[in-house]
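Report on the structure given below.
Chain lettering (A, B, C, D and E) follows the sequence in which the chains are written, and residue indices restart at 1 in each chain.
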Amino acid sequence: MTATTTAAAGTRPAARRPRVPNLVRFLGKRVAITIGLLWGVTVVTFALVHVVPGDAATANLSEQALNDPAVVAAYRAKWGLDQPIWQQYLHYLGNLLHGDLGTSQQTGRPVLTDLVQYVPATLELAVPSMILALVVGTAVGMLAAVRHGRASDQVVRVGSLLGLSTPPFWLSLVVLYLFFYLLGVSPSGGRLSPQFAPPPSVTGMYTVDAALAGQWAAAWDAVQHLVLPVLVLTCLTVATLIRFVRSAMLEVLQQDYIRAAYAKGLPTRTVLGRHLLRAGLVPVITVSGLAFASLLSGTVLVENIFGWPGLGQYAFRSATGLDLPSILGVSLFVALVYTGVNLLVDLLYGLIDPRIRLS
Amino acid sequence: MSEPTMTEPPTAVDLADRRVRKPLARRSWLRRLRGTSAGHPLWRQPLTVVSVTILVAWLLIAALAPLIAPYDPLAQHAATYLPPSGAHPFGTDELGRDILSRLVYGARLSIPLALVIVALALAVGGVLGLVAGYLGRFVDEALMRLTDLVFAFPQIILAMAVSAAFGPSTRNAVLALVIVSWPVYARVIRSAVLTVRGEDYLHAARLLGVGPIRALRRDVVPNSVGPAVVLATLELGNAVLMLAALSFLGLGPRPPAPEWGAMIALGSHDLSKWWVSVFPGLAILTVVLAFNILGDALRDRIDPRYAKGRET
Amino acid sequence: MSGSALLSLDRLAVTLPGGVPVIHDATLHVEPGEIVGIAGESGSGKSLTAAALLNLLPAGSRVTGGATFAGEDLLGLDRAGWRRIRGAGISMVFQDPTAALHPMLPIGRQLTEHMRRHLGLSRSDARARAVELLDQVRIPDPQRTLRSYPHQFSGGMRQRVAIAIALACRPKLLIADEPTTALDVTVQAGILALLSRLRDETGLSVLFITHDLGVLSALTSRTYVFYAGRVMETGPTGALLSTPRHPYTAALLGARPHGAAGVGSLRPIPGSPVVPGQAPPGCPFAPRCDFATADCTSAPPEPAPIGTDRLSACPVAPELEVTP
Amino acid sequence: MTAPLLDIDELAVEYRSRARGAVRAVAGVSLSVAAGEIVGLVGESGCGKSSLARAAVGLTAPHAGTVRFDGRPVTPVRWAKRPAAEVGLQMVFQNPYASLNPRRRIGDQIADGLPAGLPREQVRGRVAELLDRVGMGADTAAKYPHQFSGGQRQRLAIARALAGEPSMIIADEPVTALDASSQAQVVNLLVRLVRELGMGMLFISHDLALVRQIADRTAVMYLGKVVEVAPTARLWSAPSHPYTRALIDAVPTIAARPELPAVLAGEVPDPANAPSGCRFRPRCPAAFESCVDEPALLPIGDRASVACWLTTNGATA
Amino acid sequence: MSATPRLMRRAGIALTALALASTAAACSAGGDAGSAGGSTLTIDTSFVIKSLDPGHVYEATGNTAVHAMYDTLLTFHGADMSKPQPDLATSYQASADAKTFTFHLRKDATFGNGDKLTADDVVFSLNRLRNLKASPSVTVANLTASKTDAYTVVVHAAKADPNVPVILTQPYTGIVNSKLVKAKGGTDGADAAKTDSAQKYLDATSAGSGPYLLDSFDASSQLVLKANPKYWGAKPKFSRVVLRNMDVQNQKLTMSRAKGPELALDLSGKMLEGLPSSLRQSSADDTFYFLTLNADPKISKTTSNPAFVQAVRAAIDYRGVARLFGGNASPAAGVVPPAFPGALPASEAQHQDLAKARKLLADAGLHAPSVKLMYPSITYRGVDLGTIATKVQGDAKKAGIRLTLDPQPLTSFLNAQQSGKVAMRFSPQSLNYPVAASLVNNLAPGQGTAATTGWTVARADQDVVAAGKKVQATLDPAAQQRALQDWQRLLNQHSPYIPMAYNSGVVVAAPTLSGAVYAPAGWQVDIAAVGTK
């Protein structure tokens, strides 16, 4: 009682006018945090890679070459591995500041080039999955919340629990078995059927690139390759989303302003579509950010099974090859995505919830 | 404390915090009534009964594995890739091992390991979160940045890296999963501690001359571990899944351990031998599902906001 | 009771899901242009009565008895019927204006959306009327207010906005559920004055729910005293508060700080209020009542007339001589 | 007059808020409470009453000024254990649902205030005694807070405060969260204890009528400052400050001829942007030129002071 | 010296593969819109490639492509590994001490840009290769090239090595246009490892005289070769060759439906099951899998006990192990795979003899010996090495030997192996260059692999040492092969190596293709030799 009044007291629009520097300060702080985080990522990765017995020379030289100290020394000199670790680290940081992520020891190409190639493949999986999951998750979660306690709610609840409990790699195999092996209606994996050459790269996403190039058959083929992995990833994400949306919406449904909206004589459609959705969206956005992050990591296993040459595969290969520049590149990219998504979530928050705007 | 006039913008990682925030003290009695009317005892909810039954069954299977398994889980019989039959209800694998027996023994790995992972993560995260929340300031800031750092790596990739770096083994897999999962608990406990730090009962105790350590033990800890414990039960299923995922990638317990994820991996080489993968997958599914339902139910009990099956 | 009554409840009973009875045989009427009070402590069922009048009870609640509004049987309404009544016939102001306003929708939107629906106004007409309304509830700078969000206002201002929203579709009856409880006395005075003025200017009927007897005295013409979901006593507010005819009313008055100083002048009501669904058989107040007899614990006493315009559900009421 | 038990001198409390910068919730307040005295502190929400209470008891560090309890400065509660000499200064909190640890038995919480090392038997006896004092049975000690209603909890919280054998109690809106019937019970209990034990009490409330009922002296706060303090009867019958008058007039009363309470124009400004000069000036019906300067709180007779140019000009002139 | 796990590297990259047992499961994806036709040959392979610079190339895909772009002094035709054939060198003479080799170059060879190929280019290429100190440099570290005239080159080996002509067939010894490469930053100086900067250029453009030129190269998707219009030899059948990066299951799928000129390089073992019989398969057993038991008692008392080694040897179910690899695999007889002259006949394949194993253990007083078995946790040619290791573990258990499996990431495995501290390990092995005798360089006591196994000359049986020396000293091919077989038989008696199974590389080609022969020579298939019927 009194607490609410206290919070409300002495506030008038004039006192609340957002000042521009707020946004600048906010973004400035976020950039600082992000830079700190990225720095932390480089330190941790460097440390992790150097704790491991064996180094990049072992991973990247032929066996008989390893028996030749001259070759090993040459290799180490070439990649700077003969310097003390702190010097290697400083060197890396220096290059990083110039936007140079170094050269992958595995592919011999600049890490940036590798990322530019593998990231779109993963995004081609993750983005449609995320969109699908968001649409379905929000709709179903809201439905369950509105029909709270009824049979349909129970079905949704059990369904989402099942989704959360299914190992993604197993689900991938099961859908492959069903749709590829038994029914023969889907491709086994990869991004494109062998008879198609990859379309000229614009976005790096085959579906889009093929469409842009007017290669409709190839675009359609790429879409078919997307179906199963996207299905699996959507299943994973949608379960989390449904649970979250449902509980967020339930929380909102109990708010006085929903009752007030009904009391005004608004039809259910408006109350749910405007008042409920708007308020329930805020927590949903939060979880979407997290879900997208976990989706990106979920792709590792799914990429593995569907032979999808994406970031997860690249990361896996870099990790097993102790390819420090690549590992660092992937880690930095992922951390950047993570902070970017967080920032986006926060900005979206502000967009949706005026109370948070520019505070 | 001060009158916060604006809600702080929550960051995505605060999600875990808000998932299980403080139990409500004051609510309209009407709402409370609605909550309690649905607060059936655990055993009255059919779903919970089913999940408890499944879990108990698995625990029994794990405990009595030698009695239940028809064969030695490691024995390589002559006949490889036998489809399910009377002699081998779930068939045999590439090396002619009985899949049913391996499943049964696999329960001895997955379930206890999940418990260990969650317990360790809870312990590590709990202590750090408690310290950060209670000490605040620099310590808190440092810990939060550290958790950010862990969150910034996708869980499975970090676990993969750790596990790959130190070589596959049960211990390293557990270590890797603890490393990726402790920050969630730290955050939850920290935010619970922050809440408790603003609670009047803590102030009242301090005013009565209760020292900081005693207050921590009696007022702070008991009132802040609850959410983390609830979270832990919800994470048990996740731990089983993550462990299986690592094993699937060959980074879990070493062969020939009958780890379910590794068993699925064996089957993935040849889809036509569907039984090699399908049964271990179902085993994982049932265990995780049971853990999840139970965690849900427990949360409903502890946090009345979630009564009647409201989750996350 | 009165054929011309705007709202009349006849032995209305409400049972919440799970079979918890919360309101018993509530009989009540509101005349056009009248401000009627409902008094009672938390858990007395006064808010649920309000919720029942707008069909806002939790799903699965059961309502029996009679409820007529402007000649229409409320309990027989379908969804469309309720949509018609809500907002345009009966509207409501909630206790906590912070919770009752959608935090993420601009005030203009919240103020106009139901007007456009109920009154069929165009966007600009609705906005014009919104400005008028804000003016009516004395909110400065209405144009800017329409673009603002609830959090930019103080509690008192928010409650004024909520009242404007409630009045937008020219309802005949306004249910005000503890609208000033969360506010400071100085702000409360403003809201009370506003409601009184609105009644005078527009002929609005108000059902005013509060636990503050002083507020009742200042604002209402008649009062119903609720306890444990039952009407204990009813009558003109002045008379009811100066010569209570029910021990509960008297006890409420006694527990209230009043008049000259002096410790001990507060007379607490012994015991604790009844928990809904756990009312004792008989008169629910009997366990806390100084006048209770064995009869009181057998069956709940029926409200009986005292004089011309009062009712009391206490058998000893006629002999009751209590000074507040 | 002997030295006051609680002596607040020019106390200021500031908060840092990200959105508003430094907010001065209490802007230099002097107030004292003598043993056996009940001082009421009233004001609208947001005027700094609670901040004052918390700083006075040591839960927040004051930004400026001092608080003395029994002659010694009160140390803010931080890492160290509270000095034994200060345990005699206790607080009763506003929300009885939040001021008892939900996970500990009532008895244990009360025992927190008893000297360490007391034999268990004595602890039990003392707890029972304290419970009895607040009208609760000895069996209460083994129960948990959720088993009690709000009014009962507040009584338990009082029993806990009594465990520290306080000579001074600061009660911060102790009955605001309670129903009318429980309010009376708790208030009566507090007043009786203060009288019986000869304690002093600072009773903070936004309910003027209630304060009028129990306080010996009443202080009125507005926007972080005390604007008037006087013996309650005098304050009520002859308020000197326009704000005090406005507050009194706003209280709805039960009368034979109902009358709407008087309305005070405007609202409490944001403490972050307090008006210059007299803080009440923008809302004051009697404001005049002098009010652009801030009036000091000056004595106007027996134990009464007011900060208003209307009165003090007259008093000094 | 030899035996790079070249193929293992590919395995590390080729992740879990799905065996497609049914060809009925056809892909619904439509059309033949992009299928290669006309004079384009399509080669499907799982890319393992870092560089197309002959000075750096050593992985499978790179070797295949470089072999098509760069001529070498000598070469092999098809699967015949018996004797190097003329290529850029029309003939050569080896000195009796196997230290000096004189090559006579053909005079009509030109590079892609029309420059004449002379002895200068050969000398530059070979010396640059040595001085780059990259992975392939090791093989030629012993060699120095010089010219006597514009078309005569002398290669001098510091240490006698009769296999120099074979080494000079390898793709990395491909001859580059020295003028061009020098202009692009190349050098053959002693400091080439630091100063040479031509790799970037050579990754994008070919500077060779081979039948094909590089058209385009994308390390992740495809590599396109076009016929060299100025090629001195017979024009290859296909004017354009596309090497496409394709995972194994798609190779199987695409080959199942192949209509045009197309071939796949990575289908082997179980992946071959269910392929249409019309497809042409060419294979050669060129890999072997073996266990290595450390002979150093300081590392392990158990594995250094010859009786234990023999017991393990007797415990393995060789047929069962081979079966796990699929159709083309066979139980091993010795360390030389059947693709190369000098292999032991299949009739000498080893057998399981559990009774013997138990008896050996009992006689040696070894009761329930326990050893850790390390292996790289990779999937190789469609088979998880963990499965094989588990099989070995199961077999050993039957003989009363307890093996604990210790899978390691490839890198850690290689590192541990290098350290020489691994008690027992299991890995696939193939020849570095296609001469079986090269295995002696690596496996003989004190040499590369032996050194990491603690098998020093002092610890070795002197007969084995002598047999190895005999192989190296014998220059006559037929006699050398006999010596090799004797050496292997002795290895089976007295060495810490237990070869378990051979596995093959396979080229699967569309029915219309000819000349698509699997070459166990390092380049998998000679692209220029592929034609149509």
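Assorted remarks:
Keep in mind that, in the parts below, a contact is a pair of C-beta atoms (placed from the backbone, for glycine too) under 8 Å apart; a residue touches a chain by one contact, two chains touch by 3 or more.
As the structure is a computational prediction, the values presented were derived from the model and not from experiment.
Between chain B and chain E, the least number of touch steps comes to 1. Using mean Cα coordinates as chain centres, the one most removed from chain D is E. The distance from the centre of chain A to the centre of chain E, each centre being the mean of the chain's C-alpha atoms, comes to 40 Å. If you average the Cα atoms of chain A and of chain C, the two centres end up 52 Å apart.
Spacing of chain A relative to chain B, judged by their CA centroids, is 22 angstrom. Across the assembly, chain E contributes residues 16-18, 20, 22, 409, 412 that each touch 2 or more other chains. With touch defined as above, residues shared between interfaces to two or more other chains in chain D number as follows: 18-20, 44-46, 94, 177, 206, 267-268. Shown for chain A are the residues in touch with two or more other chains, namely 1-2, 5-7, 9-12, 52, 176, 180-181, 304-305, 316, 319-320, 353, 355, 359.
For chain E in complex with chain A, the touching residues are 1-6, 12-13, 15-18, 20, 22, 24-35, 44, 50-51, 58, 132-139, 141, 193-194, 203, 219-222, 242, 244-247, 249-251, 253-254, 409-412, 414-416, 418, 432, 442, 448, 451.
By the touch criterion stated above, chain A contacts chain C in their complex at residues 1-2, 4-5, 7-13, 16, 255-257, 259-268, 270, 274-275, 278-279, 282, 352-355. Chain D meets chain B in the complex at residues 15-20, 23, 25, 46, 57-60, 77, 79-82, 84, 87, 89-91, 93-95, 97-104, 108-109, 112-113, 157, 160-161, 163-164, 177.
Of all residues in chain D, those touching chain C in their complex are 44-45, 149, 151-152, 179-185, 187-188, 191-192, 195, 206-210, 212-214, 232-233, 236, 246-247, 249-264, 267-268. Chain B makes touch with chain D in their complex at residues 1-6, 8, 23, 25-26, 199-212, 218-219, 222-223.
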